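Each structure below is given as structure tokens.
Two complexes are shown next, each including subunit A; its partner changes from subunit B in the first to subunit C in the second.
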Partner chain A sequence: MSAIELPVPGPAPGARIRPPESPPWRLRDRLGLGLAWLLGLLFCAVAVAIVLYFLVQGIKYVRPELFVTNPSVNASTSVATGGFLDPLLGTLLVTALAMSIALPVGIAVAVWLSEYGRPAALARIAESSIEMIAGTPSIVLALFGVLLFESPALGFLSRMSGGVVYGRSFFAGAAMLSLVGLPLVVTNVRAGLQAIPNHVREASYALGKTKIATTRRVLLPAARPSVLTGAMLGAGRVIGDTAIIVVLLGGTLTFNSAGSVPLLSTLQGTGATLTYYVFYNAPTGEGNQPGKAYAAAFVLLAIVLALNVGVDVATRRSRRLRWSS
Partner chain B sequence: MDEDDLLEAEATTDSDRRAELMLGALVCLVVALLLGMFAFVIYQAWPSFSHNGLSWFGGGGNVDSEIQAMFNSGASLARPVYAFHGWPLIWGSILLVGGAVTIAFVCSLFVAVFVVEFAPDPLRRVLEPVIRLLASVPSVIYGLVGVFVLVPFIGNHVISSGSKASVSGIITLNGYSLLAGVLILTVMIAPVMVAVFSDGLRAVPKGWIEASLGLGINKWRTVWKIGVRAARPTLIAGTVLATARALGEAVMVGMVCGVVSFAPNPVDGWIFFVEPTRPLAATIIAFIDDLSSPPMRHTLYAIAAVLLLSAALLSFGGWAAKQPMKRYGLRT
Partner chain C sequence: MEFMKPPPIRRLTGSETVAPSHDRQPVAAPPNGHGAANGNGAATAFVGAQRRRVAASSLAIDRMQVEELSVAYGRKLAVDSVSLTIRQGEVLALIGPSGCGKTTLLRSLNRLTELNQDVTLKGRITLDEADIAKLDPTALRRRVTMVFQQPNPFPMSVFDNIAYVLREQAARRPKRGALRGAVRDALSRAGLLDELPDLDHPALKLSGGQQQRLCIARALAANPEVLLLDEPCSALDPQSTQVIEDLIVKLREDVAVVIVTHNLQQAYRVADCAGFMYLGELVEYGGATQLFRAPRQQRTKEYVRGEFG
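The block that comes next holds the complex of A and B.
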């Protein structure tokens, strides 16, 4: 029996205590770490290469007059000339229209999911529906849009001639694009609402506010950064979509109004966006003007970059707002 | 409490109930829209499926000439031709999406681990916004990179003139290829995956990681065995999201993969990778101007229905794969 433990030969008094040596890593672990570094750096390199490539091409091809002239096709040589004024405006118009549908609907769905959510079965169905919409290819949404907007009941949203509904218009494109943006708005707003602790709601109820008043006056203002993030992420997806534009915006490079009422006729008419302009001017498209495609892609990238910076600012602001729980 | 207060309370709860009903109705509308989409698309697709039966999914025909015949018959309408064998398109989709998702999954997992656990702080601060930027770059821009950089490179340097001549009777190898499509698609979906994966890795409880480190297990093993395992539900979610993106990508794939519906044949040896192909979604875009011809229209909707059902199946598969992980108390 050795009740008395022998003194372990420890470090001599006064010597520096060193942490125990960790055993050397196994080869597999080292390989894994090396691969992670390699792929991480490769990822950076690809990102830098893409951004630099478009920066260089953009500087080479972007000319101020591209922003103020419209695309036109020279009838004799059938070479596309001109700039991308109308596609640029078309991008802004269709995005604004799509987000003005997606944002209110998305906020409403998110509020219902996060604050009401009864009956539970409907909540679960709604949740998976939003997930399904997010997973639906945009080309399928586009074809669904053709069906919807070619029906006579919705004919007033596009051009009609002799009872045949054309079904291609800014309204049609924006309505379908709003479905592209909707899931992002819903997920972000919902996450923002759920991050608000319950005592905030209870404090509002204690003051005699109803649930809807609490939502409108307390919760939504508090979740504003997430609403903003959702809106910008949604707008980013909407701006980048090409399939719906190709199918539902009619494929005319300039605004082609359907009537004489100023704004309404433009929205009922057909047009193009920057993504379509890039697609049209790529070597595989009909225009085949690489310089124009690069310039438009550069502008598109700049818009996306600006939106990303916006999202960054919004999330930083939401981080500043902390709830003590 | 006097009567006025009571009345007011009643009025407000009434308005509350009204608000709930209105929000609920809107939610029902969104759900109905989704169901309507399934119903409409499948209804429009039905003639194509019913004329072909299961051979719709089979091989044995040239899709392009079948589509040509269909389009020509649409003009007369007396005898619409519906014959369609979609296997080359389906095979193209499987190859493209499978290849891109496999490569992107492996790379993204390592990149996400690197970004969350190993990257030095300054690099991480740069990388996080860059990932988000790359995830939101419009696909047509990636397509432009593919068309101007990757396709000429493959056409001029990867494919030897000998192999071009060897198949010249059947297809032209000019760089528009499966390989270009897979690579560009990988670059497109990898940032989406990295973004979702790194969110998942960051959400792993710190205590679990520290406990493992405290037991003397080195950092790589800890991250690999604890972090990545705990983040499995997010790995599935990210993969499902990225696969859906890749499956539905029409325009960009149409730009870099070529215009003929050819089914790349693994028997051809390594030429297989540089053979052109045209998956389901790109086919819809390629023939979108022919919607006016009824048999064409039904066929295009049939392709859309296949895409829609695959997306639904994918979403369901992701849900099912997450179920067994729930009992470990992992965040889903």
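The block that comes next holds the complex of A and C.
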């Protein structure tokens, strides 16, 4: 009568199942496995060491007033004191500006590469261009930015005095930093789009939807976790960049606006970011106040770690709901 | 140990036919009361399960006409001068072994074949006497909608899945309230409305069978004249399959239904008309009862008896 058979009682839950007749591993394999374990642990140890070191140093030096006061250069001793309010705001400002360029452009490029990809030759060229930008050291991008933004045609983006374009501003820095973030956005969004099975696209076309409607209403919402991942990884890279900031943001520790229009003048003016603040205050820098460098580095690390956690959350959510292939 | 050997692989090449072998019994479901009562030539005929349709619809109207259609991918001919009629009030089942061109035929009915770049089409397909090649593809695909093999709801709520179809492109997006009635209507036509906890339930959290019925509801929301089903049950469990088959039979009064299936039992259960395709040709096309019980062609006979495929 009962068609349901009870499962054969197996080993206790949690017990290790070892096939009795399997021969032991050879010595070389076991050594290899041990080495792999060792290197893996070493890597973890390095990561933990960095975080712990800066946690300890950070807690030692981070003071609430650092967040609310600006760096000020003491003229008599030429040592900067004060906090890092402006560099912190500068980091946020330049990152927001750079990503507001990199994200739409990156999504557009990724959609074109993944959904259209025609003409094929142009798509290939675009692909290798993106790889090239991704591989270009940011100091090279910075130098290119100087050439670009010192040209009179782009003078409105930075300070101009007597026909000479200064070429250093938040606009200039963000424009070049967007190139640092762009490849990460493109690769992630593209991978996200390509992970959507083709029959989902066809389902939308089969309902009489155009390619644009499908991309906008189905594919991009479906790839949202990848878009978020790309945005956050890109932002992480932009936040951490120093070379472009040193060269293109002017290297003034506080906002130094150019012009009179409130926000625009700040963006046209020069400033600093946390990375520059660390660079400046590091034992090898001009400021030479290691305590402040540690505090700023700790804040920087915390921001980047928070972004990484965000990436994890975004990708984990994406794994939960998927189509059967 | 005779039974340990795998059965020999049977293949048909070209038009050559394989002599019916006697060492194998036709694959069939266990006969039940109805099937046995209907079939009188059990030795040669297809022993099918109970048919779901009550009676053939008397109101069959010609909706689509396929005339001498040939479809080729590059140099490979997938569909070879096929002609058939698709009627509202009837379910047309296309059967045949893998790669015989039945899905290609189905996809050419709403011009989805155009998504492949190297496809060439010959012949003519008409929808209500209008050549579909001259219609706007998006307009055509709203009149001839399709459900796919894998359930593929869009990653949004159930409501938004249906509302996506109802919202015209580039037009001003109608408010949620204005669409609610139509969404509920489509869901109830697919028999899904009563099973949903709420309309904002994420579509991908439904079960496979429910997802597939949502896809059918989505296809129905466009108010199509023809509904194309490409192996809609092949990814589903028997119970969901049964629900969907009942649904297909119910739907044929309002829309012309074309179903491609690998499952002969299923084709027999739901179809009024059937076409057997083999190597791109439509070998036989006619009433389902005739095609399954008294096939005219030798190849059809062998296929429905389960001798190859």
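FYI, the second predicted complex is superposed on the first by the 298 of 325 C-alpha atoms of A that agree within 3 Å, B and C clash if a C-alpha of one lies under 4 Å from a C-alpha of the other, contacts with A are read in each partner's own complex, and residues count from 1 in each chain.
Here is the rule we use: a residue touches a chain if its C-beta (ideal position, glycine included) is under 8 Å from a C-beta of that chain, and two chains touch if they have at least 3 such contacts.
What you are looking at is a predicted structure, and each value in this text was computed from that prediction instead of being measured.
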- Task: Report clash or fit for the pair subunit B and subunit C bound to subunit A in the combined superposed model.
- Result: fit
- Which partner does A:P152 reach: the first (subunit B), the second (subunit C), both, or neither? neither
- Message: One more residue to check, A:G259. First (subunit B), second (subunit C), both or neither?
- Response: neither
- Kindly classify A:W37 by the partners it touches after superposition: subunit B alone (first), subunit C alone (second), both, or neither? first
- Is A:T210 contacted by the first partner subunit B, the second partner subunit C, both or neither? both
- Quick one: name whichever of subunit B and subunit C touches more residues of subunit A. B
- Task: Figure out whether A:A293 sits in contact with subunit B (first) or subunit C (second), or with both, or with neither.
- Result: first
- Item | After superposition on chain A, the shortest CA separation from subunit B to subunit C (Å) | 5
- Can you pull the subunit A residues that subunit B and subunit C both touch? 210, 213
- Message: Give the list of subunit A residues in touch with subunit C in this complex.
- Response: 197, 199-200, 202-210, 213, 217-218, 221-222, 321-325
- Query: Which residues of subunit B touch subunit A in the complex?
  - Reply: 12-13, 15-16, 19-20, 23-24, 26-28, 30-31, 33-34, 37, 40-41, 44, 107, 110-111, 113-115, 118-119, 123, 126-127, 129-130, 132-134, 136-141, 143-145, 147-149, 187, 190, 194, 216, 218, 220-221, 224, 240-241, 244, 247-252, 254-255, 259, 281, 284-285, 288, 291, 300-301, 304, 307-308, 311-312, 314-315, 319
- Message: Quick check on the complex: what are the subunit C residues that touch subunit A?
- Response: 110, 112, 115, 137-142, 145-146, 148-152, 154-156, 164-165, 169, 202, 204-205, 208, 215, 218-219, 222, 228, 235
- Task: Sort out for me which residues of subunit A touch subunit B in the complex.
- Result: 22, 25, 29-30, 32-33, 35-37, 39-40, 42-44, 46-47, 50, 53-54, 105, 108-109, 111-113, 116, 122, 125-126, 128-141, 143-144, 146-148, 179, 182, 210-213, 233, 236-237, 239-243, 246-247, 275, 278-279, 282-284, 290, 293-294, 297, 300-301, 304-305, 307-308, 311-312
